[in-house]
Every structure is written in structure tokens, then in C-alpha cells.
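Please read through the structure below; I'll follow up with questions.
Naming follows writing order (A, B, C and D), and every chain is counted from residue 1.
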Amino acid sequence: MEILLFGITREIVGSATLKVHPEQPIQTVGALKAWLAKQYPAIGKLSSLAVAVDSEYAEDTQALAPGQEVALIPPVSGG
Amino acid sequence: MEILLFGITREIVGSATLKVHPEQPIQTVGALKAWLAKQYPAIGKLSSLAVAVDSEYAEDTQALAPGQEVALIPPVSGG
Amino acid sequence: MLIKIVEEVDLQEAYHYLQDPAAGGIDLFVGTVRNNAQGKHVVKLVFEAYAPMALKEMQKLAAAAQQQWPIEKLVMLHAVGEKLVGEPVVIIGVASAHREAAFTASRFLIDELKKTVPIWKKEFYEDNSVWVNAHP
Amino acid sequence: MLIKIVEEVDLQEAYHYLQDPAAGGIDLFVGTVRNNAQGKHVVKLVFEAYAPMALKEMQKLAAAAQQQWPIEKLVMLHAVGEKLVGEPVVIIGVASAHREAAFTASRFLIDELKKTVPIWKKEFYEDNSVWVNAHP
């Protein structure tokens, strides 16, 4: 699974995409968030973290499947 | 006394200024309004009529004196 | 503050004036000639002002807004003369550190301008014309 | 509706698009770079967007505004890249028959844009920089 990164998450990871190769497959958005917070403690310290699947905000319970575009959405600050 | 006219009052009177020569001197703003409504019944039918003295809205009780700039202010509709 | 009665209001002039390093939000309201009034087809409008008094009244409104909200810059421009459908007639602009004040003050200024500033609008329809607000 | 993510937002483009014979009021909100944030002197901002999703989210907000208010035309433009103090970053514009809807819908659109649209701002001060809102 490849994840698009923006803003502070891009800086924390150090690249604009993150290839995720967990030992066990990550099945849901919530599981992805938990895995990321473990791998990158700085991500766990953000004031909030959302995940977008195919460019829509996704609930923690949403299933992840191959072929989807997955992106991390740290707290937005446009405008 | 010469009065500046705008909008519908200019059209009712047919000129941009009105020279007022009443038989008896007009002492106040209220008296001027009453005199005008008598001379020009169409002015009396406006939804409201204000008078400005030296380019400030004037109360009916305000005294009129020579040398002032007096203007009729029919209902405004700018913007 | 920039307060003027002009032949043509100019949005770029207003925006240029409003730019300010301390402003984070600029609200611009542009009143334009609508093709329809009370169900009648509008052909054009003609605006007339008692200019010295209109400027004074606009300056009073600007001062009242500056007392109520933290304003960096403020613009009030009003056109006179003939205006066709779609053309701009009035521009209100407020620059403030935060958008709340910019929106609220703009709204206040256009609402009050319509109530007190001695400017008159004649609406021309296809078959007649009328001074707006003149009669009940 | 005109919804774009661009290098430079253009007020004339927004106003040109918003002109409409049925519109009597056009509200334009311009968000600009302020020289100060939480008491710190701001040197510049850098904006980054997840563009495909940001456009989708802006379109959803525009659709929500059109459902709530009678809107003739609607514009949402947001810049990305480096912006200096005083420069415009975002333009929201609403044209409506009456000014009430134009003001209210503009305010709604900028408020909601700041909450949900995936765009990020990094503030650069004289001695450091920070992603806005990232930490509690």
C-alpha cells in the first residue's frame, strides 16, 4: 500500500509518499492510523489525523482495498 | 430662500433649485415642509421628506436663517 | 478611508486601497444593476446624489464602523449617472485582521448607506420609470 | 461555479465570472497574508494542497451553499505555493439577486473551507516555521 502525504505528515516521514509494508495486512482506516502512530510517534502527537480514501474523508471502520488512493490528512489550515 | 432639489422633488418642481417667496417668512424646517406640501401637493404624497440644512439632516423644529444651504431630501434609494 | 462619488466605481482601485500588511481578511461588496425589480424588466438605472452631503453621511458611517470594529482600511465608492444591467453601482470594502470584522462592517456599511445617504435611483423599465422608494 | 487551485488568485477573474444580469449583490472575500500570527512576525506563508480532494471538497461546499441560498454565480479560488505579506491567498465570491444571500453564503463558504478542505499552511517567522493547526 502506498500513502500520499501532505503538510506536516510529509515532513515527519520525509517524503511525499509512504510505502507501507506491515508484517500483517492493514484492513481498515483505523488500523492504518494505529500502525502509523506506532511507526511515527510524531504522527500520533498531531491534534488530529484523518485519512482520505479515493479523495473522500474515510471513517475509521472503512475497509482498505488494493487499488485505492489513500492519503493522510493532517489538520487542515487553508484560507 | 433658495432650496436645492433632487430626485423626485426636482422632477415635481421642474428645476434643480426652487426660489421660495412666501407671503410670510418661513421660520423653521417644519414650516418649510408644510408650505411646500401646500404649493406642491405631489410633494405631500411622498413616503417621507427630509430637509438638510448645510448638508446635515435637520429636525422639524430647527430654525432657518439666511445664508444656509437648504435641500429637500426625498426618500433615498442609493446602493 | 477612501470615500468617493464617481462616474464609474472601480473594483481594482478599491482592492488596491484595501491591501494592508496587517489585514488577513478583505470583504468587498459590489452592488450591481439587476435586470428585474418587483417583477418588472429593468432597462437601466440613473443615480443622482447630493454629493457634499452624501460624502459627509458616508464619512459618518465609516467613522461609526471604525468605532465598532477593528478596521485597517475602509472603502465606500458610489456611482452617479446612467448604469446598465450588470454594471457596478456601489463598492463597499473593509480590510481587517480577521474576517469576522470585515464581513460584519461591510454589511453594516451597505445597509446604512441605503437608509441615510442622499443618493437617489430612478429605475427605467420598458414602458415607464420610477424613483425608487419615493411612494409608499 | 468557478472552483480552482492556482498559483495566483485573481480578483478580476473572480469578479468577471460573477457578473450576472440577475445579480444585484456580489460579495467577494479575499483572504490575505497578515504580517502577524499569535504575536509573531510573519515573513511568508507556504500553501500545499491535496488538489483533487480539495477541489471535490470545495465543490461539495458550493453545492451546499446553492441548496441553502439563491445563488446566481459562485467562485472559490485558492492559491498554493509561497505567499508574501499582503498577497491574496483565497477568494470567495457569491453573486445573488439580493445582498443578504451573497454575504451569508460567502461567510459560510470561507468558514467551511477552513474546516474541511485539504489545504495546509506553513507559517514562516523570522527564526522558525510551523504548520498551522498541526498541534494542540
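The criterion applied here is as follows: contacts are C-beta pairs under 8 Å (C-beta built on N, C-alpha and C of every residue); 3 or more make two chains touch, one makes a residue touch a chain.
Everything quoted here is computed from the prediction, not taken from an experiment.
Can you list the clusters of touching chains once chain C is excluded?
Ignoring chain C, components are A, D | B.
If you average the CA atoms of chain A and of chain D, how many Å lie between those two points?
About 26 Å separates the centre of chain A from that of chain D.
Go ahead and note the Å separation of the Cα centroids belonging to chain A and chain C.
48
Two-or-more-chain contact residues of chain B, please, as numbers and ranges.
none
Mark out which residues of chain C touch at least two other chains, giving numbers and ranges.
31, 110
Report the complete set of touching chain pairs.
A-D, B-C, C-D
In the complex formed with chain D, which residues of chain C make contact?
Interface residues on chain C, with respect to chain D: 11-12, 15, 19-36, 85-86, 95, 97, 99, 102-103, 106-107, 110.
Which residues, counting only chain C, touch chain B once they are in their complex?
Chain C residues touching chain B: 31, 47-50, 52-54, 56, 78, 89-90, 110, 113-122, 131-136.
What part of chain B is in contact with chain C in the complex they form?
Contact set of chain B toward chain C: 4, 6-8, 10-11, 45-47, 52, 55-57, 71, 73-79.
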